[in-house]
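Two complexes are shown next, each including chain A; its partner changes from chain B in the first to chain C in the second.
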Partner chain A sequence: MITRGSQRGKMLKPTAQGRVGHFMLAGIALLTLTLLLSVIIPLIVQGAPWLNLAFVFRRPQELGSGGVGPEIVNTVVMVGITQFISLPLALLNAIYRVEYDHGSQFARWFDPGLQILLSLPTMIIGLIVVDVAIAHWHWPVSVGSGIVALSIINWPFSIALMVQVLRQIPDSWREASWALGASRWQTIIRLILPVAGADIIEQTGVAVARLMGETAALIYTAGLNVGKKFSLTAPGETLAVHLWYVRTEGLTAHADQEAAATGLVLLILVLMVLWGSQKMAQWMKA
Partner chain B sequence: MMKNAGRDVGGAPDIAVRQLSVWYNQMPALQNINLYLGAGQVMAIIGPSGCGKSTFLRVLNRMIERLPSVRVEGAVRIGHFDVFDDHVDVTGLRRAVGMVFQHPNPFPMTIFDNVAYGPRIFGIKSSAQLRKTVEDSLKQASLWDEVRGKMRRNAETLSGGQQQRLCIARALAVHPEVLLLDEPTASLDPVSSAKIEELIVQFKSHYTMIIVTHNLQQAARVSDVVAFFEQGRLIEMGYTQDIFTAPKEKRTEEFLTGRFD
Partner chain C sequence: MLKIDKAMDQVTYVSMALFAAIWIVLIAIIVSGAWHFVQTHGFVSSVASFQWDPLQSHFGIGSFIVGSITVTLLALVLAIPGSLALGVLGSRILQGKWQQQFVRFLTVFVSVPSVLYGWWGLTVVVPGIRRLSHTSGYGPLSASIVLALMIVPTFSILSLNALRHVPESYIEGSIGLGASEDQTLWHIILPAARPRIVQAALIAVARGLGETIAVQMVIGGQVRITSLLHPASTLTTQLLTDLPLLPVGVPGHHVLDFMALWLLILMTVIVWLQYRLRGSGT
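Then we have the complex of A and B:
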């Protein structure tokens, strides 16, 4: 804007079509934002007055009242152990898919297979765990069974995320590494993983956030109540399941407020995970 | 064919290619290439796009095997490496035959880590030794004066020309004997290109070099011998001066004078 005020030169403006397109897209963006806020604002209005330290730390009571302390623990521990089990497996799968040459047959079955697993309703995975682990092996409805269900859900999801991360790495870097005499494995250990590390963490945050909101697969595997003390074999209701339960089965006068407050706790947890993983990724890239 | 004119060529090996053919699926990419390059000489490969220049370069360090459904025939010998032998030490071959690519491709790491990457792969852990190798390689690539004291900066902060010289330093750090340069100045400005050319001239007789280039003046300035490729065939090869002043083949002459369809 050097010419402003000097009356020299002229402003170059976008064409009429360009401006119409801009406004249309801006309008759609605004609509999306409105929809998001129309979910979040009522949640805050309903839930915030109910949200206090007692609610966050106390145990839940019958009929869906009380606090959500154990639910927070269950959510964090179950999702954490799930990632611990399924992320390394998914990363190895993705490394094999992206970094190694395999027969064309492999990719022909792998990619559609992954798509099918991804589009499977999580409820189905929950029912498979019920049929096999709980009905057949007589596992209890528990934190442990829930972790198995979550791991099966997260495995293909994380493979897809990790494949995406590895594909973003330009081949020219791999070529440079191979041309120096590095083997494929050395290239993975010394180049690919260090370079992809930040993105792996960021995408894991996305996977964690998704698992925290999982309900369908957990209702029959981890259950709708919590054990007296945390244990892998005790029932392990999570925040999202609690939210669903209070909202649909809650019989107290304040069921809606309690559900909204639970939702807020979950939302805050998710935002913390996303924010934390992003900050960590930024720190690693710097 | 080409004899090395009694220069000190150190450990630089000669390169002999016999009846080399390469196919991608059923498509022939190179057909019956025969050539010999003396130790410590610089060969420029010229020719129209898609003539097999880059394929030829990637056969020499077996980078070609990364592509699916490639078949090769014939024999390539680089020094004591029989390149197509099933038992050849590919890691050793690639270490001996350095490569510089068309687009500067430094790793997204510090300048130091870029140059130290190769030596570390080969198991050098001592930081004193690494520092010395990095410094020597950067000096050889004429980059040391511009980056000394900035070893911890990310390589991506360098200019395009500096990045390409960093890639050359990275290749030199594993002490290669042959350098393959695949259009190393194609994405650089004239000043940066001139610096790379100077390096090639300095490296002469220390390394056996093959440079693919679309820049005929560059080929004339840096090379001892020129090979003209067209449609996967070696049309003509000879001393640079002879090729540019009196090409034997009509196609070569047409290409050099721009009367090429």
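Then we have the complex of A and C:
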């Protein structure tokens, strides 16, 4: 292996002959990494000059040169309310799956079913919400409808994340707790949740980051423009939808820069969420 | 048992019942819509037909199914070398602390919103293809390049984990018998990790097949697939573009449910394959 070079004094020097394949693979890997970085670098190059406080705080305007202030508010509030609705439910579901149900008939159906729901295109959820909430119940194309769509999308995703977190706790800890006379729910409240707390926060960060980038399901449920003031019944364009709209349909002179700057704001928000949740988890573990 | 225990048991049961009930209703909506469509337009005649003209009530979705499968498989083929190389780099070449940092770095790219990959496709890939092929640049080829790069982070993290699961004793045994590092990699590590890598590939395929926005931005949106370099559509992108054209109540609206059902069926097949292939190898 390549890094053994640093330990040459201690070990026999491996022949370079037998490692040509490793070098080639490392080359391909570096090329792929460069490609991945090439997604972000043009975004910074095009978006950064356009990015200033006015852009972040002002309202969008029909003729361009507006800001994305309301879009940021919509993104944050919609994702926040969505987590508030779906995270507790998902946690209860995961508790049922991990702590209560051990390989019954139900679990045999639940696991593959969850897998299917996880990979379901979010566009389908958008279609259903339009079919039922907007066409049938006559809800407006609004923040509220968007939150419904996001909650449905996030529910199975959060369950999968929480199941993964709860499974990491060794069974012997639970058995020890039961052996000391704790009931099942006392074990969950006093042992499982405190131990899992940091990981739950970190994984919630992942779920939040995913929802912030959601576009397809929100175009027809939350809409392509913003209301005069934030409200649940006003149209609620998010940052990701704004980027999509400006870049594909935008007619203004600076559509490209505006899209890049919007993308940069979105990326910074996503990275902030990931970084923040990781730091918080580390702080809780310490 | 304590009283609170009994109550909380009920709460978890109810949460599970709610989850199951809501999803059964949602899927029933899709299935019933698709059933309406099949009754009026026929199953085989709409799947095998490539003619899409809602105004003349021709609802052939064959072109979209072909488009979805072509784009996804091409993306997988493009993503395999890079992802495996990243997996090998992260699990067998980098050591110790570097491995963790490497995984963390890739995880960030998993969370990059797909609309940003679509933006990259429009800004970098489409102009590039346009210059090379003298076409518009929009088409399944551009879409699969974007999709390939989008699934690389997921795919490489999963194959990295697959490679890590190969027992150290296999590797030591191979080296001990005099095989070089390369020979060990090709003949021992990769074959031993194959079942998990196949599973990783299927998860990547599911992500690619369900991707809507990044594909829609670069595929061009023509309803008939002709070649890799000319605009086409997939099931998901056609759902996105036709939802406002076929609103609820219009006779053709239920074709959208039919297309959604097709996506559901394809996803079910992928998940079924994952379970089948997992059983066969350890």
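Here is the rule we use: the second predicted complex is superposed on the first by the 250 of 286 C-alpha atoms of A that agree within 3 Å, B and C clash if a C-alpha of one lies under 4 Å from a C-alpha of the other, contacts with A are read in each partner's own complex, and residues count from 1 in each chain.
In this text, a contact is a pair of C-beta atoms (placed from the backbone, for glycine too) under 8 Å apart; a residue touches a chain by one contact, two chains touch by 3 or more.
From a predicted model like this one, the values you see are computed outputs, not experimental measurements.
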Ask   = Will chain C clash with chain B on chain A after the two structures are superposed, or do they fit?
value = fit
Request  = Give the angle at the C-alpha centre of chain A formed by the C-alpha centres of chain B and chain C in the superposed arrangement, rounded to the nearest 10 degrees.
outcome  = 100
Message = One more residue to check, A:183. First (chain B), second (chain C), both or neither?
response = both
Ask   = Touch check for A:119: first (chain B), second (chain C), both, or neither?
value = second
Query = Of the two partner chains, chain B (first) and chain C (second), which one does A:175 touch, if any: first, second, both, or neither?
reply = first
Request  = Could you say whether A:130 touches chain B, chain C, both of them, or neither, answering first, second, both or neither?
outcome  = second
Ask   = Which partner does A:195 contact after superposing on A: first (chain B), second (chain C), both, neither?
value = first
Inquiry  = Looking at A:80 after the superposition, I want to know if it touches chain B, chain C, both of them or none. Which is it: first, second, both, neither?
reply    = neither
Request  = Determine, under the contact definition given at the top, whether A:49 touches first (chain B), second (chain C), both, or neither.
outcome  = neither
Request  = State whether chain B or chain C is in contact with more residues of chain A in the superposed arrangement.
outcome  = C
Which of chain B and chain C A:20 touches, first, second, both or neither = second
Key: Where chain B and chain C come nearest after superposition, their Cα distance in Å   = 8
Task = Overlap the chain B and chain C contact sets on chain A and report the shared residues.
result = 183, 186
Inquiry  = With touch defined as at the start, can you tell me which chain B residues reach chain A in the complex?
reply    = 61, 63, 66, 68, 91-95, 98-99, 101, 103, 105, 107-109, 117-118, 120-122, 167, 170-171, 174
Query = What residues of chain A sit close enough to touch chain B in their complex?
reply = 101, 104, 170, 172-173, 175-183, 186, 190-191, 194-195
Message = Please output the residues of chain C touching chain A within their complex, sorted ascending.
response = 1-2, 4-5, 8-9, 11-13, 15-16, 18-19, 22-23, 26, 29-30, 33, 81-86, 88-89, 92-95, 98, 108-109, 111-120, 122-124, 149, 152-153, 156, 180-183, 185-186, 203, 206-207, 209-213, 216-217, 236, 239-240, 243-244, 247-249, 256-257, 260, 263-264, 267-268, 270-272, 274-275
Ask   = Hey, which residues of chain A end up touching chain C in the complex?
value = 1-3, 14-15, 17-22, 25-33, 35-36, 38-40, 42-43, 46, 89, 92-93, 95-97, 100, 112-113, 115-117, 119-128, 130-132, 135-136, 152, 155-156, 159, 183-186, 188, 206, 209-210, 212-216, 219-220, 240, 243-244, 247-248, 256, 259-260, 263, 266-267, 270-271, 274
